[in-house]
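In what follows, chain A forms one complex with chain B and a second complex with chain C.
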Partner chain A sequence: MAMGSIADTLWDVVICGTGLQQSLLALSLSRSGKNILHIDPNDYYGGAEAAFSLQEAESWVDRLATEDKGLFRSASITKPDVTGLSFPRAYSLALAPQLIHARSELLSQLVSSRAYRQVEFLAVGSFYIFKAPLGPDQQPSLVRIPSTREDVFSTTAISAKAKRGLMKFLKFVLDYHSPEQRDAWKPFADKPLVDFLQEHFKMDAELKTYIITLTLSLDGRISTEDGLAIIQRHLTSMGHFGPGFAALYPKWGGISEIAQVACRAGAVGGAVYMLDTGIKSMATAADEIELELSSGDKVKTKLLVRGDEKVGDGPSISRLVAVVGSSLKSLFESTIEGAPTPCVAVVALPAGSLTVSGEATTSPVYVFAHSSGTGECPNGQSVLYLTTMATSNAREVLNSALGSFLSAMEQDQAPQCLYQLYYEQAAGVKQSRLDELTLDLPGPSLSLSMDDSMLKHVREAWQKVVGETVDDAEYMVFTDREPVDDDDYE
Partner chain B sequence: MADANTPKPSSSVKLVLLGEAAVGKSSLVLRFVNNDFQENKEPTIGAAFLTQKCNLPTRTIKFEIWDTAGQERFASLAPMYYRNAQAALVVYDLTKPTSLIKAKHWVAELQRQASPGIVIALVGNKLDLTSDSAGSAEVSGDGDDNAEDSGDARKISTEEAKTYAEEEGLLFFETSAKTGHNVTEVFTAIANAIPETSLKSARGPGASHAGASRTEEQRVNLNGPRDPNAKEGCAC
Partner chain C sequence: MADQGGSNHGIARTSRTRTEEQRQKDLERIKDYRDLEDQVRAHAAKNDFSADVFALTSKLLRLNPEYYTVWNVRRRCLISGLLSKPSPGSSPSKASPTSSPTATTTTSSAECSSSLSTETPPAPECPTTGKSGTTAETEADKEDEEQKKQQNKEQDQQNDQQILQKELHFTIPLLLESPKCYWIWSYRLWILKQVIERLSVPVARKIWEEELGLTSKMLLRDQRNFHAWGYRRHVVEQLESPALEGKSLVESEFEFTTKKIEQNLSNFSAWHSRSKLIPRLLDERNADDEARKAFFEEELNKIGEAINVGPDDQSLWYYHQFLMLNLVSFVGHPTITPAFTQEERVTYLQREIEGIQELLEDYDDAKLIYEALFDYTLYLCQLQERKPNEQEEEDLKSWLAQLKKLDPMRSGRWADLERDLGLRVVEEA
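== the complex of A and B ==
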């Protein structure tokens, strides 16, 4: 576009915020020939899905202490008095360390839009269950969840009877939409999946825990309908992009990296980017909006797309991000020959497996362990992302979970914690809101794995911008801008 | 292809080009990637992404090059390009003093904000517009004998830029994207300067097993040959 003042242009769309959804919108519009101004009140990319160096994390925490940032609160940083922490910029801590299942629509869109070439995808390895010590002299341990048929056959962790039960369930899930299976689960559709597993499969507590862990349900009470869909996605994702893994994680901060790649595509397509620039005021004229930006600029646009930053209904989560001074090597071993070395492992500390202030925990704590292969910490260290439901003592629960996890990792000397970032995140608004000239996208998902349902809001926004003239089938389908030797990417 | 039977380890390196408008950033990339040059090239809009391999004796480096727009107005784009970049090429026009000032700003910003181990090369472009272009050609021996005899447009001495580069620990080259002088050399020098440790995805301190051949084993390819009937590792 021409180099005139941004005030001289009637923008087709002003996008405010560089979170995943707004950035995917920029990507989808990158070849539309529309005039796009993409702004963000923050001085960093990624919004609620950003990834921070330790410096950036500190300024973020400081800002949260002085101003209301909507969804985030109670943020604080703790640096134990130990050595070993590297340069602040050697770290990239993700606010949203979501896994992306191989069958996620997001990956299909990144492939069809060719944006995937700029993302380095890593494998998410095994899922583990934390087992509390059985007696006072014993150590806690981690047990790997068998999640493939081969795994179930070969595992020594469960009894032959449990193996049969698990096999029966895996088979059921792969076929759960068939009329015959539907009859079995439909009466339970809105009831907790654990009840269905109990009633229909007569599973013992341990097997139920395995299954619930695979759903990554934050309260452990996921409904049968949602739970079966997630387990099916997990099973059909297994092996989709290579042996031995069901989900992926983008190097350098997960979803944050995808948001940045999407913004770069927007920039390559000619979108103008302004960080550290928010909307001060807006006025609606006949068929355009006039915005006054915090930079003092006044711009006019036919459509304004924002992310809704209001607190919605639904429970909040608590998060603890911990840098530890150990590579936690045993967590990141591939279990199948020819599988890529995983850089992420998932550990669940089930409800009731911890006792905090004399009371057993009521929801699970999930630990996503990231190796230095994610680019989020230096070699010889790891980053742990702990998540649980926000409760009055969630912080103590997470601290206790961290300690228990570390003592289960190494029996003689638990790895040292070098840095901790704690915060709470409220659920956002779940629906998009479309008016004549504005579109507010829903708030970020609190789900621990990529929630595809948010992609439809981005698609709607794209349709609104490109109008009737463009075939919907062209959504996110692009050819490479430069000739690419596909050998390069094998 | 003496070593055709033993494929060299290969690693991807993210490289970003920075510099004032019209110093020849895109032309340097075009010369490196396509060995081509266009007079009066249109300014880059936003940014461009290109790839090119660089063969070293012991390994292959695949450059993933982000060529940014020099006339970007709000200084908001560059951070997303140099984030996680392992190398940066900061370009100035050696006939234009302000472009070196801008280059120094970029170097300072990279040192402040980019990855701690980033390799930075300072490149003075448009050597073809100076009287010593023939002399330099002699050094590289690339047969560029046609000295520009229409006078010397050089405004920044080699000494001045070189001293600055040495102080800041930068690689330093004077190039001509037009003649191709020193262009490949810049990229080869960067490839050689990338520390092995940032190429290997080592699993902890002192991990040296299997060496650099493990570099890409973590990366998952979303576009690989996938047999829809493959059952390997699948639950079905």
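== the complex of A and C ==
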């Protein structure tokens, strides 16, 4: 690390933004000995994947009101006239509450880079389907989605024949790369998975709903190729780190926690961090860029890496973050002996299960329920993240979903909502772009489960900084800086 | 952690991987081990089972729990001195006999001299032989003797309890590392036997109940550890025995197999245990014919649901066969439904055959289904004391053809069946 002012150093790379991808880049470079300046115009870490206290959420909403063209829009906060909301720092509301499957590449990289030690991972428990009430005086209910053989055995919600169909599908998916299975699904690769399930497995509507929910598809029309990949990842992740769960969630705010840990590793490795600092102007010379920072400093660097903030192709999402005054304990029960208590539960309200303004919904609503075990709210409360495709009445859809979900929780009184944050997020750009000495990493993913495909862009950026001669087998493979006592047993 | 493959059902057994760097360290460790071993053997050869030797066995067994001779040395250390000597003719768990409450000098000196000869630390208190040689003792003296004896006994028990519990504790980390080592389990059993012999019934019972808890934990770690299952059966037997004032645990054990099955359908040991518990379960419930029939149907449903999602799982088909044999082979041993009429047996068997045929709609390449259909059709014929009719012969041939296709490794077996039953299967091109 260079002593003296930051203007004196020719930086190997200036990274702008501390979103997940830029932070992972900092992590990947943390043992490289390169001169790294990592800045962020925000006064917090995490960028589009940050987690906010109530105060920070309010500032964020205010700021968005003045901006027009970013990825986030139409943000607003509603505080119902009830008591129970705790002080602002008691909350950590995640902008990216994505769950991470146990078999994801991201986790392997966090392990090999040793950064995983700084993150507390919690188990994601059951996936449920919301069932609308059967009659006018009936309550709605939640049905658990079976995803293991033992689940299917125990459930009473499916007929024997349907169970056989489900087992055959699960067996198919686990092996879907083999030549025999490929012949079956290749013709449907780009077509919706629902069609393949209908044609090849003659699946009834209910089973199709279970399967599509496991993919967390936002429009319910995920392609066969993508859908099979996610389901296989889900199934092979089940039990991978312990019985009873297929995915993990970082405590204290989800992806933001990973971004923070990655930046911390970058700092330990010598990178200089400056928050509240953006780029005012830039000038590209032959083999270096000169940047004028908002702090007034002028710095020179060989490479500038940013996150692309343009709106890309693809549908937007609407999200409602709701704090409720109940622990929702029944959602977070572990179903298997020896399994950790889950802190996240997924409830899907399939297309058609809600009626809003007289019309049935045409795309699913996903509710990610977080217990206070996530550190995102105080004991006795929970945080709900509701997501659906952004349409003209998405806000009403989410409100309706919230109401229906709470009434399905089977309490004497439906739990009260204490706070609501609403916003829309546009799809980002999906590819990296290198323009002379500036590399723009893709925009943030809208996927509800961690999408490993973004990792290759980080890796490419890393290769650009360290040069072609460095073997990429070393990528994200570090040893502990200090000896650590490894506990091999649970 | 290294995966030992088939013998461990994929449950990792810890093993140390060596780099070249560690080789030197290992050579040193081998030397230390050999020294330790030599010391223990030297002491044992001299009949020296003192506390020092005991400590040496601790070190050695931590390095190698499979060294059964050393476990024996440890046992001898305990018997020779660390554990109390049982007083002649009495044991704490039985009612104390009224024999010889008075300690005559000869008896006491015999006790003392026997303990002295093994050169061990604190032998139980014995009255000094040099005490005044009064030949007649007063009533007050006798009462004092009684009290002292009682106090000694209690002290002994407390001392023994501590030692025995420490021994159980000692084996735990060894078991975690080598959960299938016979010698560790055997030592634990010996200690637990000492618990019954030396400690009061309530104390002994509590320790044995904890043992039951331990087997549950072991079975959580590896559901198919057959040592743990056999061991569990032994623990249950002891808990039910009069020595521990026990009563039957058959209901809770049956429930335990249910839980294990729900966690993992492929648990052969759980299904097997279940089948072994059923006769006693029904007897203890005083189940009448109605209750037995209901129970039988419930079991059929359960195994049916399991096979419905796991048609390739052999343990499930074994259990199903156990239920079918209950219908077919009922002479000379207890069955679930002894009162079933011939008609009822036939009906159930036919129903099962039909139900299994339905599975073929979706699982047309599961060989165990064809085997079951083949076997059960023959059971039906056996039950009705007849040969297969025309339709059945066609079915048998077609199932056999499937089996030949799906399981070519056993072609010899299919050929034998073909010949024995006089079926000639036409092979499809």
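Following the convention adopted for this analysis, the second predicted complex is superposed on the first by the 483 of 490 C-alpha atoms of A that agree within 3 Å, B and C clash if a C-alpha of one lies under 4 Å from a C-alpha of the other, contacts with A are read in each partner's own complex, and residues count from 1 in each chain.
The rule is short, and it goes like this: a contact is a pair of C-beta atoms (placed from the backbone, for glycine too) under 8 Å apart; a residue touches a chain by one contact, two chains touch by 3 or more.
Everything numeric here is computed off the predicted structure, so don't read it as measured data.
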item: Touching partner for A:R149 - first (chain B), second (chain C), both, neither; value: both
item: Touching partner for A:G375 - first (chain B), second (chain C), both, neither; value: first
item: First (chain B), second (chain C), both or neither touched by A:C263; value: first
item: Touching partner for A:G165 - first (chain B), second (chain C), both, neither; value: second
item: Superposed model, chain A: greater residue contact from chain B or chain C; value: B
item: Which superposed partner A:E180 touches (first chain B, second chain C, both, neither); value: neither
item: Chain B versus chain C as contact partner of A:L107, first or second or both or neither; value: first
item: First, second, both or neither for A:I336, with chain B first and chain C second; value: both
item: Chain B and chain C footprints on chain A, overlapping residues; value: 149-150, 243, 336, 338, 488-489
item: Residue ranges of chain B in contact with chain A within the complex; value: 12, 45-51, 53, 62, 64, 66, 69, 71-74, 76-77, 79-81, 83-84, 113-116, 197, 201-205, 207, 214, 217-224, 226, 230-236
item: Residue ranges of chain A in contact with chain B within the complex; value: 1, 3, 6, 44-45, 87, 89-90, 92, 107, 110-111, 116, 118, 120-123, 147-150, 170, 174, 235-236, 238-245, 248, 252, 260, 263-264, 266-277, 327, 329, 332, 336, 338-341, 343, 371-373, 375, 379-380, 481-482, 484-486, 488-490
item: In the complex with chain C, residue positions of chain A that touch it; value: 149-150, 152-154, 160-161, 163-165, 167-168, 243, 336-338, 488-489
item: For the chain C and chain A complex, residues of the former touching the latter; value: 1, 14, 176, 220, 259, 262-265, 305-306, 308-310, 359, 361-363
